[in-house]
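Below you'll find the structure, written out as structure tokens, and then a few comments.
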Amino acid sequence: MGSIAATAVVHPNVSLGEDVTIEDFCIVGVPFQGWAGEATFIGSGAVIRSHTVIYAGNRIGRGFQTGHKVNVRELNVIGDDVSIGTHSIVEHHVTIGNRVRIHSQAFVPEFSVLEDEAWLGPNVVLTNARYPREPGVKDRLEGPVVRRNAKVGANATLLPGVVVGADALVGAGSVVTRDVPERAIVAGNPARPIGTVHY
Amino acid sequence: MGSIAATAVVHPNVSLGEDVTIEDFCIVGVPFQGWAGEATFIGSGAVIRSHTVIYAGNRIGRGFQTGHKVNVRELNVIGDDVSIGTHSIVEHHVTIGNRVRIHSQAFVPEFSVLEDEAWLGPNVVLTNARYPREPGVKDRLEGPVVRRNAKVGANATLLPGVVVGADALVGAGSVVTRDVPERAIVAGNPARPIGTVHY
Amino acid sequence: MGSIAATAVVHPNVSLGEDVTIEDFCIVGVPFQGWAGEATFIGSGAVIRSHTVIYAGNRIGRGFQTGHKVNVRELNVIGDDVSIGTHSIVEHHVTIGNRVRIHSQAFVPEFSVLEDEAWLGPNVVLTNARYPREPGVKDRLEGPVVRRNAKVGANATLLPGVVVGADALVGAGSVVTRDVPERAIVAGNPARPIGTVHY
């Protein structure tokens, strides 16, 4: 019962599962610089909402949902039942587990890892370059890691390479400069421990 | 003298006032999950700029303006002379008074209330879920309230349920964790009082 | 070898250099309020990615690149080899030097100045109105100045009129309320000096 809108652009070498919906003004399977024909897989039941752009070479599981005007670059591995909210950006070489939810207007740079059930709130910004524009910076990118079931509150910023432990909670507006232990609650700029998750 | 671009998609059951302009690549009246035919009203003089998406069931007053690529979900009540800037998102069940201005890239979640003349700066993020993903969280959402003529500075974050008092001013980049009294000026993370508005 | 997509809208009085690519669902040369026929120049080698909107009256150098869904208002002067990332917004009367990079989801308001090699990270927000909505505010806008080779980290906020000195580095998530000296490293809310750039 899926459908592909007449205005949507689907490039060659895109493999769609059953019941995939692609709404108006979307572009799926965009060739990237150096593209050598890598296929794009999007599993059954996906709903790609309007004005979304997905590059080639992604491997995306079942039940994928995007909001509107989402941007997903190339060569990511994305699990089942993942949702990426309106205006969010996922760059390339990102690893996303199952049942991850990225809310609206978030930014997930290259080499980030979001484990199963991780949750990013609206406007969350992950970073991966300690010294932007330094010579060789592209060889030293460190994506943050958000472990299983951790939650990162709205408009929080994660510094490069930071690890947010399993079940941890990062308060809204925090700037996370150090690793966050499992189940810790942190908040502030810079973020400091303020409690522990009990559930 | 309004006009509807040839590429714009206008769904059934959308009622437009006089002189409404809908630019290219917009989608207006998008049916939502559980949609039972609720109409969408957009008052006279509206300008809906390109790539904007507005769901069904909204009741929007006269003189409505959107920037480009705005996203408005369903069942909101929006007053007269409201402007929502480029890339901003208004979720569902939001109440917006008259002459409210939401600047660019802002996020306004479900159950938020913005009273007359409220002003949200660019990238302002309101939140409504204290414990994201907790069981039953959707029954306990608390939208912030921004009272009459209050201003929330750029990139500020409001925690769930926070009330920003009338005429108050929230400094840019603040993280507001408690209610802000009428006419207070607050700033910082967490935001603290730094003065009073005298005008 | 450039190309203009069939779905792109290019308004009259747009002058394109050689090898310019304009992707699907873009709109280039949008007339602004009070437009008196000012031309739009985009230099050779530009790549304007999908869903991008560029208003009339811009003078843009060679090698211009946009991400997807970028928004550039009218009457800006933009140098050579400038890149503006996905979802970023540049308002009007902005001056941008050569080799400037604006990353994703950034906001650059009216009267901002970005000198050569300046770098803005993802979600960086510049501001220009000290007292939003005050009478006469539009006559007193003060855009920030980001000097040569300065870098502003992800999700940082610059207050109106702030000057970030040459080669300086603003830490991610900072709220910059005062001028930043040349080569200084600042961080926090409000941002304070934490070191000096040595390279």
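Each chain carries a letter (A, B and C) given by its place in the written order, and its residues are counted from 1.
Note that a contact is a pair of C-beta atoms (placed from the backbone, for glycine too) under 8 Å apart; a residue touches a chain by one contact, two chains touch by 3 or more.
What you see is a predicted model, and the numbers here were worked out from it, not measured in a lab.
Peer 1: Can you tell me the C-alpha superposition angle of subunit A onto subunit B, nearest 5°?
Peer 2: That rotation is 120 degrees, given to the nearest 5.
Peer 1: Tell me whether subunit B and subunit C, two copies of the same sequence, contact each other through the same residue numbers or different ones, using over half shared as the line for same.
Peer 2: Looking at both copies, the contact residues mostly diverge.
Peer 1: From the mean C-alpha coordinate of subunit B to that of subunit C, what's the distance rounded to whole Å?
Peer 2: Chain centres of subunit B and subunit C, defined by C-alpha means, are spaced 25 Å apart.
Peer 1: Provide the list of subunit C residues touching at least two other chains, using ranges where the numbers run on.
Peer 2: If we look for residues of subunit C contacting two or more partner chains, we find 7, 25, 51, 69, 87, 105, 123, 155, 189.
Peer 1: Which residues of subunit C touch subunit A once you look at their complex with the stated criterion?
Peer 2: So the residues of subunit C in touch with subunit A come to 7, 24-25, 50-51, 67-69, 86-87, 101, 104-105, 117, 119, 121-123, 149, 151, 153-155, 169, 171-173, 188-189, 199.
Peer 1: Going by the contact rule set out above, which residues of subunit C touch subunit B in the complex?
Peer 2: By the definition above, subunit C touches subunit B via 7, 9, 25, 27, 51, 53, 69, 71, 87, 89, 105, 107, 109, 123, 125, 127, 131-134, 155, 157, 159, 175, 189-190.
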